[in-house]
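These are the structures in question, set out in turn.
Presented sequentially are two complexes of chain A, the first with chain B as partner and the second with chain C.
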Partner chain A sequence: MSSPVTGRRRVPITSTGIVFLVLALTLVAGAVLTAMSGRNFFSPGNISAILTGTSILGFIAIGQTLVILAGSLDLSVPYVTSLASLLAGVLMAGQTSNIVLGVVVALGVSALIGLVNGLVVALLDVHGFIASLGMGLILAGYLGTNYKGSAGSAPRDFRLIGATNIGPVPVSTLIMLGCAVLVILLLRRTRAGHHLYAVGSNREVARMSGLHTATPVVMAHVLCSLLAGMAGLLLLARLSVGSPTIGSQGGYDLMSIAAVVLGGTVLAGGKGNILGTLGGVAIFAVMDNVMGVMEVNPFLKDVVRGVVIVVAVAVYARRSAGQRPPRFQKQSLTDAALQEAR
Partner chain B sequence: MTTQTAGRAPAALVEHQGSRLQRLARTLGTPGGAVFILVGVLLAAIVATNPNFGEPGSLIRFIGRTAPIAIAAMGQYFVIVSGEFDLSMGSVVTMQVVLSGNLIGQDEARILPVMLLMFVLGALVGLVNGLATTLLRVPSFIVTLGTMLALSGLVLYLTGGAATGNPVDTFRQIGRGGIRDVPVLEIIPYPAIILVVLAVGAVVLMRRPWGRTLVAAGDNPEATHLAGAPVWWVKTRAFMLSSLAATVAGIILVGYAGVHPSVGNGYEFTAITAVVLGGVVLGGGRGWVLSAAAGAFALELLFTLLNFVGVASTWRDSVQGVIIILAVAAAGKAWRGSLRPRRREPSPVTAPGDPRPARTPATEPATPHTPGTSAGDSGPTQPVPGSTTGEN
Partner chain C sequence: MPYDTDVARPGHPSHGAGATDAGPLLRATGLTKRFFGNAVLQDVDLELHAGLVHGLVGENGAGKSTLMKILAGVHQPDGGTVEISGEPRTFGHPVQAQQAGLATVFQEFNLLPDRSVAENIYLGREPRRGLLVDTGQMQRDTAELLEGLGVHNLSPATVVRTLSVAEQQIVEIAKAVSYDARIIQMDEPTAALADHEVELLYSMIRRLQERGVAILYVSHRLAELFDLCETITVLKDGRHVATRPAAELDEASLVRMMVGREMSAFFPDALPGTAPGAAALTLTGAGNGYVDGIDLSLRAGEIVGLAGLQGSGRTELVEGIFGAQPFTRGTMTLDGRPVRVRSPREAIRRGLALVTEDRKAKGLSLNQSILDNALGVVHAVFPRRTGTARRGMPGVLSSMAVAARGMDQEVQFLSGGNQQKVVLARWLSTNPRVMLMDEPTRGIDVGAKHAIYELMRQLAADGVAVLMVSSELPEVIGMSDRILVMHEGRLAGELPAGSSEEEILHLATGAAPARPEQPERDDPKEDRQP
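The block that comes next holds the complex of A and B.
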C-alpha cells in the first residue's frame, strides 16, 4: 500500500498530501476488494456507514491533535467520553426538557477535567503521558465505583442526532466536520493557535520570545477533553444509554494517538495539522469498513491496524528525515563545537 | 578544554563527597532513593493495621507475589531510561501465557524446548520494536502500540478469545512453588529467587559499559552517537531486554493466574507506573534500576494497604492515578532542586560539552553558540537525529 509513496520521496509534497494519497490508495483498494466480495463500495448506505465510523474517533482525534501539537499527550479521553455519556444520560433521564441541562453539565465536567490535566502538565511540569494516565485512572476508579453498568436514557429528540442523515451524510459527521473547521480556524487564524505551535515545537524558545507557555497547553487540554465529551454525547445519542466502559472498549486513547500520527503530526509536537488527522481517521474508517465487508476476523483487524500504523509512520519518518532543507536543520551544540575546533 | 574539565572534576562530583552516611542521606533525598523510604513507610503502615503481614513467612510470600510486576518494571526501566516507551509489554505477557498453555500441555518433556521458543520469540519482538524505533525512526510509542495491537490481535485470533490449554503442573511450579522447609521463612518462592537473581544481574548490567552507554543515550542521544557509541544497537538491546522481562513475568504468571488471554492486560501501564514511581524520568537519562523494582513494591504495598484499610477495590485505580501524578510532580521538583547548588559553585567553568547538562534533552535550549560558518556542509559525519525517536 505504501510502496508508491516511497517512490515519490523526491517530489516536494506535504505530509498532508501523503496522507490523502494513502487515503486514496486505501479507497481504491477498498473499492476493489469490496467489488470482489460482490458489493458496491460507493453505495449510499456504505458511504454513510464509513462516515458514521469516522465521527466518534474524529472528535477525539481532533482534540488529541491539539494536545499533541502542544507537545503533550492525553490518555484520559476514553474515560472522559464514558463519564460524559453517563452524566448526560442520567441527567436527561428520558425527558426532552432536560437535554440542555445534560449537555451543559457533561461538557462542563469534561472541560473541567481538561483544565486539571492542563494545569498539572503546565504548572506542575508533569509529563502529559503521566498526568493524563493518572487522570484516566482516577476517572476509571470513580466510574467503576459509582456505576455498575449502563445508566440513564436519552430522550428521542436527542437520539435523532445520532440517527439523522442528510443525503448519505450523517448529522454527527457534519457536527464533527464543523468542529474540525473551527479548530482549523483557531490554529491558522488566531494568535492562540500560533502560540500553540510555538510552544509545541520549542517551549524554551517560546518562553524566551515572551509567550505564556502555560496558556496554550491548558487550552489544548481543555479543548481535547471538551471534544472527548462531545464524543461521549454522540455515543449516548446512538446507544440511548450511558455506559461506563464505552470509552475504554473503543480504545480511543491509543487509537486517537495512532490516527493523529498516521495523519502526519509529529508526536513530539509543534508540527502537523487537523486535515491530516481527518485523513488518518478516514483511513482507519475505510480499513474497518472494508474488513467488515470482507468478514475478516475482528481480532485479525487489530493485526492489520497495528502493521499499517507502523508502516505508514515509518514512511513519513524516513521522508521527513531525508527532505528537510539543510538551513532548517538544527545544528547541535556538539557539532558547532567540533566545527570551531577545526 | 580538557585541562579545564580535568581541573574541575574533583570539585564537580558532589556524589563522591562526604562520608558514607552523608552520601546515603543524599541519595535518599533523590526521587530514586525516596521510593525506598516510601516502601518502608507503607510496610510500617500495613504492619500497624495487620501485624500478621510482618511475619517473615507472609513477607516472603508477598515478595513472591510482587516478583512478576517488579521484573516487568525492571525490563521497562531499560527502555525508559534510554528515552523510549514499551507499550507492547502486556501483549508479550499474554502471548507467552497463551503459548505455554497451548504448546506445553500435559507433556513434561516439552517444557524446556517451549521455554526456549518463548524466550526466542520474546527477544524477536524486542528486536522488531528496537529496529523499527532506531532504524526506521518511528517513535517508540507508535512502534510498540503497533506491536501491541498486532500481537494481542494475533493471540486472540489464534485462541478464539477464550482460555485454552493448561500447562503441566511442573511448569506452573515456577510461578507458584518454592523451596520448602526453610527455617524462619517456611518457604522461599521461586519467583522471589528469580527476582533477586535478575535484580543482581540488572545492577551489574547497568554498571557495565552497555548500561552506562544506555543512560547516556537516554540523556543525549546525539552526544552519545558522536562519542562513537552505536546508539541504535544499544537501544535495540534495551527493547529486547524489556520483552524478555515480560517473558519471564509471563512464565511466573502462568503459575499464579493460569492461562487466559486477559492475563497481561494493562501490564505495560502498571510497569510504567512502577518505573515512574521509582523516580525514573520519562524521556530518559535518569534513574536507578533497583528504584524501578522498588516502585513496583511500593505500588503493590499501597494496594495491600488499601485492602486492609477496607477501601473498595474499585478505588484502587483512582489512588494509583493520584499517586503517580504526585510522585512525578514531586520528583520533577526534586531533580531540579538537586541541580541548583551545582550552578552556584565558585568557579562555574561550564564548557559547552558539560557532561551533565542542567536540562533534560527534550528541551534543547537555544544557546547562543552560533556556528561559525553556514551549516550547509555538514559532511559525511551527519549525526543521526536521535530526537526523532519519540521523547514524548
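The block that comes next holds the complex of A and C.
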C-alpha cells in the first residue's frame, strides 16, 4: 500500500487476490493432511466431491453477493430453497413430462418472494436484514404448517442433473459456474450492474446522479431468490424428494453471508465481486472435505469455520484501515502541475 | 496569481457581453422557502449571465445552501419563480435541473470512493454498445472531458478513493461539466483545497467562462470572490442584502454587509499579559511512517501555525503527537519529561487535545446532543471531572455564543460554525495544556471564525500551547507567533510571525535551496509493513 515518491511502486494485492492465495494455501494444506491420512486429495472422486460441495452454497452465495453489494441482506434464502425443492418435487411427482412445469413454478415463486423482499427494502425503507428475516419466518411457518416431512418425487431425467459428471466436474457445478459468469457480466458490463454498485456504495450519490435507486435493490433481491430457488431444484435432483427443512439444515443464510464476506465483499455494500465469493465458497468446500476425510468431529468443524471467517474479516479490516487516501506518498496532480508551471 | 484582477476586470465581460444583452441565462425572482414555518429564504432575486462568475456570500444560515438547493431541484420553493433562458422552470428532482443544463457541485463530495473516475462521471449515463456498457468509450470520453478542462494526468480508470482531495474536486467539476451544463453552481469548491490547488480550480473556471458557462460561486474565502467574480450577491438571514459589481466592493464592505456590523480587526491581537513560557511540548527526530525527522518545540502561551500543501503530512504530524498515528521513532517530551503517547486516550490524559480536520467524521457524534458531545471526552477519560464539567458547560457554550435551541439539541441540526464551537467546548472541558487544531475554521462562516480566533488568543493567554494546522495562509499569517512549514513529511523550515504568503509557499513546495531534493530518501513507511 505504500509507494515511495521515487517510484519503486509495489503492486498492491487485491482482496480477491488474498482470497485465492488463501484458497491455494487451503488446497496445499488439504493435500498434505489428506495424504497423511493415506488418501489422494487429487483423486477424481475427491475432486468431484469437493466441486459438488461448492455448487449449492455457490448458487446461494452468488445471489447473496448481489444483495450485499446493493447494501441489503437476505436471510430468507434457506426457506426459499426448501420451498422450491418442495414445489418442484410435488408438481413433478415422478413424471418426466412435468419437469418444465415444476421448474417454472418453483423459480417463479422464488422470484416473486425476492420481488416482495426487494420492494419492502427499497420502497418501505425496511433494512434487508429485517425484511428478509420476516419473510423467512413467514415461509418457515408456511412450510411447517403444510408439509409434515419430505414430499414429492423427482423423475429420473431430472435426477441426472445431480448425478452426471463431465470428467471429474459435476454438471451442477457447471451450471453454478455458468450463472456466476452471467452475474459477473451483469455486474461489470451492464448499466444495471454499475448502478447496483452505486446504490450499495452511497444511495444519496446515486439518487443525485439520477438513478432510480429502487431498481438495483429489487433486481438484486429477485436474482438472489431465483438463485436460492435453483439451489432448491439442485437439492431436489440430488435427494429426489423435496424437503421443508433442507435449507435451514444447511444453514445457507449465514453460511452464504460468511462466504461472501470471506470473499472480500464489504458487508456494508458497494465493494466486492463474484470471483471472491466463489473463492470463499471453495475455501469452505475444501475445508469441509479435508475435515471429512480426516474424520474430524463435526462440532470442531464449526469451530474451524468460525475461526476462518473472523480471521479473514480481521485481515480485510486491517488492510482497509491502511487504505486511507495516500497523502505525500504520491505526488498529487496539482503538485505536478505546479512544478510544471515553475 | 496569474489572473491580475485589477487589470482584467474592466475588459473581462467582453466575451460575455453579447450574452448579457440577450438576457440572463438564469433569473430567479422572489424565491422563498420555509422549513417548519421558519422562513430560511425570503424573496431572494438572482440573475446569472453567460460567461460570468457570480459570487454568493453570507454567513452560515444566511440561506446560501437553501438557494442553491432550490436551483438544483433538491428543494422546491414555497414562492417565487426560476427562469432558464427566459422560460419558467420548476424542478422536482436534481436530475430535471441537470437536464435543463444546470449542474451543481455540492460541498459534500458526491462520489463513490470504490468506483473509477470514469464510472463516477458517467454514473447513470454509461455509454452502451448493445446491452453492454462500453467501458472503452466511457474512458475515452472521460479523458477527453478532463483534457478539455486542462487536466492532463488523471487516469479515467483510477479508483476515486486513491485520489487526493483536490483531484476528487476536479472529478466533481468534470462530472458537472459532463452534463453539458450551461449553468454550474459551486458550493465552496475550495473549502478542502490548499492555496496552490485553488489555482488549478481557477484555471478550470476560466475555461468554463470561455465556453459561455454561467457560474454561481459560493465561498467563505472572500479573496477568491474578488479574484473570480464580476458580481457579488450578499445574503443575510435568508434575505437579499445587495448585488453589486465586485469592483465596487472590498473585503471590509463585504464583511460588513454579511454580519451587519464592523469586524474590528479580523485577526484579533494577542491578549495583554500573553507571554510565551517554557517549552510545553518538544519532538526530537519524531517519525511515524507518514512523517519523519520532526524536531519542534511548542512553548506555553504560544500559537504556532503549521502550513504545508495538502498531503505534506501536517495532519499526520498532529495525529502522531496525539497518538492517533503513534510515533515509532524519536522522542517526545511534555513539560520537560519524556513521554510515549501510544493512543489518543494517553494523549488526553497527559493534557493534549486535538480538534480534528473532519469534524463530522472524527469530531462529533452527529445524532447525539450538544451536551453529550461536549462532555464526551471528559466523561470517557476523566469520569470524576464530569460533574464539574457539566455544571460549567452552559457557561462555556454561551461564552462562545453557540446558537442552538438548547443543550439537548442534536448537533447534526447545527450550522458548521456552531458544530465547531461544540467541538472546542468538548476539548476545553478537559483543560488541555497543548491544543492541536487541524483546520479549525474550515467551512465555517466569518462570525464563527472570528469567535474561534478570539478563543485561541484566550487559550494562549491562559498559558496553553496552540498548534494550528491551516491551508488558509492569511489565517496562518494572521494568527501565528511562529510558522512551521511542512514538505513531503518533513519540516521544511520555520518562519517568524508576519512572513509573507510567498515565503511560506516557497518552503511548502520544496523550492528552498536549504533542503535539496533527496531522490533516494528512505521510505518512512517501510517499517510499517507487517
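The criterion applied here is as follows: the second predicted complex is superposed on the first by the 312 of 342 C-alpha atoms of A that agree within 3 Å, B and C clash if a C-alpha of one lies under 4 Å from a C-alpha of the other, contacts with A are read in each partner's own complex, and residues count from 1 in each chain.
Throughout what follows, contacts are C-beta pairs under 8 Å (C-beta built on N, C-alpha and C of every residue); 3 or more make two chains touch, one makes a residue touch a chain.
In this text the structure is predicted, and so the values were computed from the model without any measurement.
Trainee: May I ask you to decide whether A:N202 touches chain B, chain C, both, or neither, giving the answer as first, second, both or neither?
Mentor: It touches chain B and chain C both.
Trainee: Should A:N98 be classified as contacting the first partner (chain B), the second (chain C), both, or neither?
Mentor: Neither partner.
Trainee: Output check: A:V120 vs chain B and chain C. Expected answer is one of first, second, both, neither. What do you get?
Mentor: After superposition on chain A, A:V120 lies in contact with chain B alone.
Trainee: Tell me the contact category for A:T245 with respect to chain B and chain C: first, second, both or neither.
Mentor: In the superposed model, A:T245 contacts neither chain B nor chain C.
Trainee: After superposition on the shared chain, which partner residues are touched by A:A140: those of chain B (first), chain C (second), both, or neither?
Mentor: First partner only.
Trainee: For A:I257, is the partner it touches chain B (first), chain C (second), both, or none of the two (neither)?
Mentor: In the superposition, A:I257 contacts chain B only.
Trainee: In the superposed model, does chain B or chain C contact more residues of chain A?
Mentor: B
Trainee: Is A:L211 contacted by the first partner chain B, the second partner chain C, both or neither?
Mentor: second
Trainee: Mind working out whether A:S48 is in touch with chain B, chain C, both or neither, as first, second, both or neither?
Mentor: A:S48 contacts neither chain B nor chain C.
Trainee: Would you please give the residues of chain A that touch chain B in one complex and also touch chain C in the other complex?
Mentor: 202, 204-205, 208, 326-327, 329-330, 332-339
Trainee: Quick check: in the complex, which residue numbers of chain B touch chain A?
Mentor: By the definition above, chain B touches chain A via 85, 87, 132, 136-139, 141-143, 145-154, 156-157, 161, 222-223, 226, 269, 272-273, 276, 282-283, 312, 314-325, 328-329, 332-333, 352-353, 363-367, 369-376, 378, 383, 385, 387-388, 390-392.
Trainee: Residue numbers of chain A touching chain B in their complex, please.
Mentor: 71-73, 120, 124-131, 133-142, 144-145, 202-205, 208, 254, 257-258, 261, 267-269, 297, 299-303, 305-307, 309-310, 313-314, 317-318, 321, 326-327, 329-340
Trainee: Within their complex, state which residues of chain A touch chain C.
Mentor: Per the stated touch rule, the residues are 2, 4-6, 185, 189-191, 193-195, 197-198, 201-202, 204-211, 270-271, 323, 325-330, 332-339, 342.
Trainee: Can you name the residues of chain C that touch chain A in the complex?
Mentor: These residues of chain C touch chain A: 93-95, 98, 106, 110-115, 119, 123-126, 128, 131-133, 135, 151-154, 161-167, 170, 196-197, 199-200, 290, 309-313, 315-316, 488-489, 509, 511, 519-521, 523, 525-526, 528-529.
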